[in-house]
Amino acid sequence: MKLFEFQAKEIFEKFGIETPKGVVFDKPEFDSKLDGVGYPCVLKSQILRGGRGKAGLIKFADTPAEAESYAAELYNCGQGVDRLLVVEKGKIKSEIYLSVTLDPAAATALVIACADGGVEIETLAKDSPEKIIRERVDIDRGILPFQAVNIAFQLGLEGDLRKGVSKVIMQLYAAFDAYGAELAEINPLFITTDDKVVAGDGKFVIDDAVLAKYPEYSMGREYFESDAEFEAAVDGIPYLQFDGDISLMCAGAGLTTTVYDLINDEGGKVANYLEFGGPNYRRAKRAMELCLKNDNKVILIVTFGTIARADVMAEGIVEAMNELKPDVPIVTCIRGTNEEEAVEILKAAGLEPLFDTEEAVRKAVAIAGGKA
Amino acid sequence: MSIYIEKDTKVLIQGITGKEGSYWTEHMIGLGTQVTGGVTPGKEGQTVHGAPVYNTVRRAVAEVEAEASMLFVPPRFTKDAVFEALDAGIKKIVTVAEGIPLHEAIQIRSAALSEGAVVIGGNTSGVISPGQAMMGFFPYWIERVYKPGRIGVMTRSGSLTNEVTAMVVEAGFGVSTLIGVGGDSVPSTRFAEMLPDYQNDPETDAVVVIGELGGTMEDEVAEAIADGSFTKPVVVFMGGRTAPEGKKMGHAGAIVSGGSGSVADKTKLLESVGARVAKRPRLVGELLKEVLGD
Amino acid sequence: MKLFEFQAKEIFEKFGIETPKGVVFDKPEFDSKLDGVGYPCVLKSQILRGGRGKAGLIKFADTPAEAESYAAELYNCGQGVDRLLVVEKGKIKSEIYLSVTLDPAAATALVIACADGGVEIETLAKDSPEKIIRERVDIDRGILPFQAVNIAFQLGLEGDLRKGVSKVIMQLYAAFDAYGAELAEINPLFITTDDKVVAGDGKFVIDDAVLAKYPEYSMGREYFESDAEFEAAVDGIPYLQFDGDISLMCAGAGLTTTVYDLINDEGGKVANYLEFGGPNYRRAKRAMELCLKNDNKVILIVTFGTIARADVMAEGIVEAMNELKPDVPIVTCIRGTNEEEAVEILKAAGLEPLFDTEEAVRKAVAIAGGKA
Amino acid sequence: MSIYIEKDTKVLIQGITGKEGSYWTEHMIGLGTQVTGGVTPGKEGQTVHGAPVYNTVRRAVAEVEAEASMLFVPPRFTKDAVFEALDAGIKKIVTVAEGIPLHEAIQIRSAALSEGAVVIGGNTSGVISPGQAMMGFFPYWIERVYKPGRIGVMTRSGSLTNEVTAMVVEAGFGVSTLIGVGGDSVPSTRFAEMLPDYQNDPETDAVVVIGELGGTMEDEVAEAIADGSFTKPVVVFMGGRTAPEGKKMGHAGAIVSGGSGSVADKTKLLESVGARVAKRPRLVGELLKEVLGD
């Protein structure tokens, strides 16, 4: 689970990393006294998408009036800004990129740093890969001080700054380690004109597999871009929203992305992806319900299950159709364990079960395009 | 022949008395797998489908032969179970659990690497040498997928594997050994690390890799081809060719990619070293015919 | 630093290990209401020596009157009992030995367990070594649950008891690890008649090198057997008290034990050992002061220093003699860096410096025996 | 010849700009030691007695040759400094610090073992090959102790080493290499682990071991003699023969002993395999004369 900036910064503070003085407001609240933060200030929309700056979701205000005006503008920009973090605008000398993540190939933790902070790491990796510093950390042993010192020297730092940044590296690693995090990122890490080292922005991704240990980050609507995605997540059903008109109920991430590709190849567009395999193969009704929340023209069901039995899935689909009475056609391509029984069940319910994925895709695209 | 597991491989089942463990033990034996024993703390003295149950892996290996261990253990106990098997000297371990905590997955892979063990998983159906033996849950009775033959298959997926393998079979081939390295973002063993075994297996003619967007596992396969360590034909299929940027589609993918992780870039790299990349599952069979001269 | 039983149990509780309900009294306080602990109870003298049971420093009381009487007896037994831990007397089914320590040869932590608890591990090791269970633990990785389970099964436990003891093993290891301890021992670990797992006694030794991290265990007189040992420890001077009449100021633990052996060989007896080497070689006056607290007949100084310069030590000794005017003779055998200068300094002060350790020992023994 | 360090060994000094580091660097060079560089964070560009200083060990090994590193680093920074040296590929490390936290000492030894490095210390004066080179602080100018010769010396002590070695020299011998494994309860390298080097050194005729009560390091020497892996004469001296039970005399000793750890038991064991045990330091020289036929 990706945390909001203000939550990431709370964790940083807990581990001793300095962050700019700030105050959080929930829509529609705003008080230009800023709880003493002072002016000039920065209004930062607390949403989970990247690229907030470019999207105009971060505003600089010199006066209370300006701040009031920006706050209103952000709350009402239509991009789901329900919370603002307002921070003091420090005097910045330079910006550093710093993160800790995992290296699956090397089987280590990995500290990544770059003296050119403030831009996304993907951009850095593309434009100036030679500037990126990588330090592998044995995950049982943890980071050792000399590793942080090496990074700081490679960043070109000296004296107190070298010590300050080394310390932040150790602290960031400690936070990453303590939470079993997927990613702990400070970008930018500010070096202020008075040589303080301050986390200007923060990204913190907690591994979903350990999330239950942190009830303070319980799943809320605010973490999702749409109601359907939130509802699906609450039900434990992987779900992604797109803007096409073909709803997918597929089994397995690999098969789903493949069907997604095939639909695009045929000129179709996907409305949503929904995982109907794994532990969810008995939940056809709930899955179909979620698909029907979309403004779609067809539901395409493609599976090739092993444990997820084809006959059980087919029964579930028929039951769901009887209860939900969908007003869009349903195309099925259900294979795997007990597939013969599945075919009988679907046929008995009046469906025309297909057996070939490409054929099923073509049919769904044709229906969506009004050609079938 | 086959790699990793064959009909004589002696297999232990950790978590054998559980519902899943017991059910799939029966099927593993059904295919011909030599299950020599099982482990569930507190259940020593019982038997499951003829296999004697022990309290600990140490107890089991003291009593029966075992060179491999199959784990039917929930994700949060997987690290402990893997280390217990390693501690007892077992070098082949398959774990099907989905959702092993990432930091623990790193610890598992790190330990396996340093002890020279090959841990397969998590989040996989396991490993099967059709017609011989399996560790995992494969409905091996579905002939049009699990047909014995001379094509090695490696995959990160579940259902997609059936989809693709069915095309391999439809094209007239069969499978020597199918290895599901698992869909988690930190698989314990990576595609390229299994290539030497396929290379040395006289009964594997070519390898099909079912990859995905994200990560660098397919790039590593390209490297092994490029440096000449793997010389048999390779056919690759990857889902996610048209995936929109920024959406986390498919599995978590690698968290840190060396390259861009896009299917387009991977395709370019793989084709540059001579691997064939299929745009659609059906084409995997066609390309195999081409490279093997039908 | 070895902690008192009640302190060890506080740490156990902190890590989730159950201990018998108890109350601590400081001499001369005692209240037979026992803060609700109840009767029958056990009065346990809080001293650091082992073998308290045999020494009669643990008493069982069935009634308040009995408890009052025992408390007075223990406070006044002349063995320095200044504190009592009074605990409920549980119904015990069996006793287990359990400890965590370090294995210097294997470079691991080591869990030691034995189904026959309640006796000292040294006795167990001698009488029934085959009953001792050893489990090595990688110190970076920490103990894994399967290791605790293996130990519990080897102890012959089943069902809930197996689970309960496994859990205590994990908890004891966690405490050992968190404190960087030298030893964490529960002996006996009670299995009660109602199948609870309870730490009956506790020993916890914190590595002196990390003690500064735990100000709650600051060095007090109560941790030492004599005033001189306490004073020396406060000054950072290694010091041991014996009951002979030759005080030793030596440099280095190895040389000191050697001189100790040579004195015994010659029929002499050591009054105290005091480390005059290492960082203390400039502190002759303080060292001599501590030696003079003993009822000794001679002070024997033996050194063979490298960094600890012989001339500096000689000067310190002469200065100390001038200031303290000891009323016992001083025998010196000072060698090493600048030994020639040292000889001159000692001679100038009227001493007869010796150069051979055995000769010096013989002289000191002769003086102590009234023969020189 | 000699073991561990000789006149051509390239040595780095970690903590070279400190008071102790700088002082003993001068003396190390004075004896002939090849000090190729030093490390102190933030002091890169300086030189100390001619040795260039670098910010990190990685920087140093990139610029100068170094196969060994001498640490003048306080105990609580020792673990980090040792790992920094190991990380840079250095396999010989001497650390003099006294009072390294025990758990960190275990981590140091564990890492050294797994990486095939030999870390000497802590709480030692170091290693010296008289007349050639040293890593540590030995007043090598005291001729009656640090005389070159053909006797290897291993010790846990400081002053006692001088006492005993003086007797070796007085008896007409000299020292090939003296290794202070250190007086801490978890020495990074144990007596027996240095024996293969002494065995292979054509210029070492016999080894003197200066042991103590507690622990099992002397027992391990006996084992190496018993199993035939060490065949040169061994003379042992141990302090603490008459130490009273229950008092912690001498060094911390081993925390877990396999045996009783008493000098009497060790003596019995050592003599049973043919080692000679001296009751007094003076007798070490006499026994050497006996075993080497004078």
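Chains here go by letter, A, B, C and D, matching the order in which they are written, and residues are numbered from 1 within each.
Here, contacts are C-beta pairs under 8 Å (C-beta built on N, C-alpha and C of every residue); 3 or more make two chains touch, one makes a residue touch a chain.
Everything quoted here is computed from the prediction, not taken from an experiment.
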item: If a chain touches chain C and chain D alike, it appears here; value: A
item: A-D or A-B, whichever has more C-beta pairs in contact; value: A-B
item: Separation of chain A from chain D, taking each centre as the mean of its C-alpha atoms, in whole Å; value: 55
item: Chain A and chain B: spacing of chain centres that average the CA atoms, whole Å; value: 28
item: Length of the line joining the C-alpha centres of chain B and chain D, rounded to whole Å; value: 50
item: Contacts with 2+ other chains: residues of chain C; value: 138, 140-141
item: Per-residue overlap in chain D, given as positions that touch at least 2 other chains; value: 107
item: Chain contact topology (line, ring, star, complete or other); value: other
item: Pairs of chains, among all present, that meet the touch criterion; value: A-B, A-C, A-D, B-C, C-D
item: Chain B to chain A touching residues, read off their complex; value: 75-76, 98-107, 109-110, 113, 125, 137-139, 142, 155-163, 166, 183, 185-187, 190, 210, 212-213, 215-216, 220, 239-244, 246-251, 254-256, 260, 279-282
item: For the chain C and chain B complex, residues of the former touching the latter; value: 141, 144-147, 149-150, 153, 158-159, 162
item: Touching residues (chain side chain A, partner chain C) in the complex; value: 138, 140-141
item: List of chain D residues in touch with chain A within their complex; value: 41-42, 55-59, 77, 79-81, 83-84, 87, 107
item: Residues of chain A defined as touching chain B within the complex; value: 50, 101-105, 107-110, 112, 126, 138-140, 177, 180, 182-183, 207-210, 240, 242, 250-258, 260-262, 264-265, 273, 277-278, 303-308, 335-337, 357-358
